[in-house]
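Below are two complexes that have chain A in common, paired first with chain B and then with chain C.
Presenting the complex of A and B:
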């Protein structure tokens, strides 16, 4: 049987053919978003594994959220994450791998990685946001490391400033005495060199630093020294488990309520309360971010939404929020670069330029607004102090302006 | 020295040669050419950095092999001697403005000198007690570097200048790989030569029975100190290569855990053999990369147990490998390699 073909049929077949040819060639370049690769030096195993995993969850969730609810026009973000295990021997090979893959920016989870890679990042000109506040040479002179919080001496300064206010309010005339009891590693003692001379000038009597090694079971020796020397304020840049030991021993020795104990930002977590119990009451912790309990905070609301959507429920981990902070800074810098320089310019140079010139980044209240400049790599001057009260961390004082100590 | 049947030495030169046969020469040249060409021409910077880290580990293990493998002493502070080398070359170059060509070998000699000091207890004590003495070296050196003020950079460590001779500065990974490879060849040749010399035989005599060695006229004091010095020299050179590659050194880069794993993986490679450090280093660096590659996938696959197990997966696997070798092949991979060589030489005959 002969089938009749009319003009319409021929036209239809031509159209189908054209469609097939076009689809086989692929989407035209002009309609494609630019792929921007970000490298995460993930310390998801090793000594800071728990913290690193939470950082990674917060970081990756935020970019998933941006992709779904608030995409950056003209670009697609591709995150490469490699486990660096807080091991100096891993950082440089991973950096080389990322550089070969063409990352435009990165995220470093600790001081160790920052110290190991800061010089190489300067050479490669790859901007990285970093948690490495224990390594001031990374920002002096300003390079490609953008810190996510002030340096550790500033954390110490915030504790001193707030304590001095309380001290004066209470009507004391003599100088308060401050002592550091800390872990004898670079992270633990990072605030001492700059912080102690500053505290002396600020009006404190600075007592000799007491060090301990490794994971302590008992800190009585150090605490008895604090007691005998009459310390009023004890600052410790340590981890949650260590801070819990310090607080428990202080309670046992009858020092709870007599000496004000303050921990760094890694001390404000649920683990301290779980391990120290009642002994944690009254302790302070200095940090740069807000607490999960502040449910009227936009950033906290976003964190909860993200966790509900991607994790099936809220896990109140402090470090999760800390992971959201670098993701938001990077995303906003990319958004600014895409809008002002064009999507094609969202590369290392574009992101670096955006970070140093874009002005304030709204952090949704998670931290103070972030602002870098061509000469400054610290994000803000405001730090917060939380207090442990009846088994939870509550706001003690927020927005303490620190002096930005620098070598 | 085992040689294939029919290969004889006809003069003293042949007897002293490290590489004996044409086949060995050909195999070595082909192997070195292949690995260098592949790495230099086709290797990514990532691959090159892994190769450079492997070379550093081989040299470190070669040094440790003198102390543990040949002389039967123990050192759990080897990483600290690397630190001495790394800091020495940096301080000599940046503070005293001594050129790289002098500061680089000087790093080895500085480490050897420090090693000599910490070797003194080895004359009176051995075994567990000596291990504790070298452990003290690890802590003491680490503490001194951390609290060394401006000289050692204290908390912040030191920025290291690039390696270079005259006006020629090694700026690329390819260039540094070639440099490290040349140093490795020299150090390996030196190690093999010492092993086959009077000194090497004396080391082995001390290891096998120090009392008998002394009765035979071997000065135990001298040879134990010498073994520690040579071992520390190697560690110092490895530390210097590390420093000029990373371009920043910090006390955290040279930890006690590294010292312990060096010891463990020397056992895996084969104590008291020239090939042992090479096998040990390849397994150590290879495992580290493999674990880093696999862990995030496993952690994502089993989210419920990730913090408990996967965060320490590298340590678990390293430990298992060392235990398995200690139980089933205490003479290390080198023993299996020797058996394999004997097998293919005789193949297809079973005798």
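Presenting the complex of A and C:
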């Protein structure tokens, strides 16, 4: 058979050839770093959308910063992110997808993801840093979940310890009364089972827990119960919008200043102040990281630099800082693995080994130094309390030592 | 006793908001027989639009609110014109599924345009000051919401009973063919129903946003309105008002008395339990029309 070749065909072949040559020049042999894929289970929609979006911003900005200013020798990081919507049904399919794509490590944004994937991650041997402190079985016995924040009973304990200190200092002799008003989900109630018996032993009178569902419009019922039972301390492991409603209603009912309101890490956002206004004054928030107001802190300075460089200005979102923490831990583990085991060994096994053996990770002052070990996945034993004063979160007390509450 | 009165008063305030949002569902059902699952989405997008006009576009509050209202009218029109009208003649189930799709679409649009801006706060046009009355302390925001709701529902009762358009809508709700024979344009009535529903959702969104801030979780309140609408009898405006208040009070009473016994939040399931009980006795709801068909 005779094939007719005209000038156009030849020109096409030449163009294809040129493209191949150009593409090979684009990937020079001397820059063949190992590609390490990280999977982010992004709860960027759904009930914790706002929190998840801020986590993602902090996480992705930190890796952009590392790539530009402090690259990890021998590897390039490729971050995959899928929206999991804080929906338990979505995590395992995304994990399957990520595993097929060959991720070496991951980042989970909440308790739902941690509870859903904990066993599967053990089976796949993929280490994941996780915000999901509401599911203690994920770290006991230690597996492939590395917690990024204190367990919720620890947060409750820190609030109780500091309150008791203040209570005694004020010369009160009777037992203070503590009540939990919280969101009726595993995250909201995670501290109750272990925290309440511990608080009783610690010297509190523990009042019945008051629950609410979803985003409340009015929490009068719960607050009036706190008032009638004489609560001195009200603890809530809830989100910004919910905490703002609690504080606004407390002010309306004349409870501001009479009861000490304390929220968990999510309650320290700028949104609480924006939504609650001066009703937020006097409220505490317990967390493991520092405030944006501490401008001498290296981690805060880095957060500002990153936002100025990548986002054109600083948005003082607490969860942005919380997103930097997992990125820093993962990046340092990869850096350690690349340096000590070689870039080729920066994979699931290498990152797991690094996380469990590298010792203290310098967190630039954003949190206390983090250290995991073959038997330890709970990195924060000391917590900080901030107080809202004149529309700003300021340091109340840092470095409160908390016991590990176990069944 | 104070707790009980406070729970009833708070329940009335929140229940009135349910009534307002539920009214949007009733208006559409009355004229088109479609149960609109996208009412929560319309509410959320309305709240975001009002914020955008007031904060992003820097308009004065009154102008921002009016522009938001205008946008709600346009959205209602567009939904009917390009979504629902094409489904005329299709089974009702298909139309209902379209409203579910619409909800998902609105969720996506809101995430796309405002997803990065959660917990937005309006300029303070409803002060949150406490108001004390006979040892009950209520927020001025809630009281204003209550009165606006009563006013809007009152206006709609008058509209449906005494205006020509209202009568047209009731005629269409009764029988499409008979209404057409009487020279009523079904298309116009459908457009009107969707526009009114979008406007009601907008008002609800702005009122709710002024209490809680504007966030992507605003649409969740619609889930509390579904039992309200069913309890009220699906097509009764006074019914949705009374059912909203009943559900609001029941939620707070269950929080007060049931939660401590059960040890969990019962507020969200109690309305549905009551709904099931009422429907067993009165299958058409408290104020629904009992249809008798001649065979």
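Note that the second predicted complex is superposed on the first by the 375 of 407 C-alpha atoms of A that agree within 3 Å, B and C clash if a C-alpha of one lies under 4 Å from a C-alpha of the other, contacts with A are read in each partner's own complex, and residues count from 1 in each chain.
One rule holds in what follows: a residue touches a chain if its C-beta (ideal position, glycine included) is under 8 Å from a C-beta of that chain, and two chains touch if they have at least 3 such contacts.
Computed from a predicted structure; not experimentally measured.
S.K.: So, on chain A, is it clash or fit between chain B and chain C?
M.R.: Once chain A is superposed (C-alpha atoms), there is a clash between chain B and chain C.
S.K.: Determine, under the contact definition given at the top, whether A:115 touches first (chain B), second (chain C), both, or neither.
M.R.: first
S.K.: Which holds for A:45: it touches chain B only (first), chain C only (second), both, or neither?
M.R.: both
S.K.: Going by the contact rule set out at the top, does A:89 touch chain B (first), chain C (second), both, or neither?
M.R.: Only chain B is touched by A:89; chain C is not.
S.K.: Just chain B (first), just chain C (second), both, or neither: which does A:375 touch?
M.R.: neither
S.K.: Check the residue A:295 against both partner chains and state whether it touches chain B (first), chain C (second), both, or neither.
M.R.: Neither chain B nor chain C is touched by A:295.
S.K.: Name the contact category of A:186: first (chain B only), second (chain C only), both, or neither.
M.R.: The first partner, chain B, only.
S.K.: Intersection of chain A residues contacting chain B with those contacting chain C?
M.R.: Touching chain B in the first complex and chain C in the second, residues 44-45, 49-50, 53, 184 of chain A appear in both lists.
S.K.: For a test of understanding, state which residues of chain B touch chain A in their complex under the given definition.
M.R.: Residues of chain B touching chain A: 44-46, 48-50, 53, 146, 154-157, 159, 173, 245-248, 250-253, 288-289, 291-293, 295-296, 299, 306-307, 310-314.
S.K.: Which bits of chain A are touching chain C when the two form their complex?
M.R.: Per the touch definition, chain A meets chain C at residues 44-45, 47, 49-50, 53, 184, 208-215, 217-218, 220-222, 224-225, 228, 240-241, 244-245, 248-249, 251-254, 269, 271, 274-275, 277, 279.
S.K.: Where on chain C is chain A touching in the complex?
M.R.: Residue positions touching the partner: 2-3, 6-7, 10, 13-14, 17, 107, 111, 115-116, 118-119, 121, 128, 130, 137-139, 142, 208, 211-213, 215-218, 220-221, 252, 255-256, 259-260, 263-265, 267-268.
S.K.: Where on chain A is chain B touching in the complex?
M.R.: Interface residues on the chain A side: 42, 44-46, 49-50, 53, 81-85, 87-90, 92-94, 96-97, 99-100, 112, 115-116, 118-120, 134-137, 184-186, 189-190, 193.
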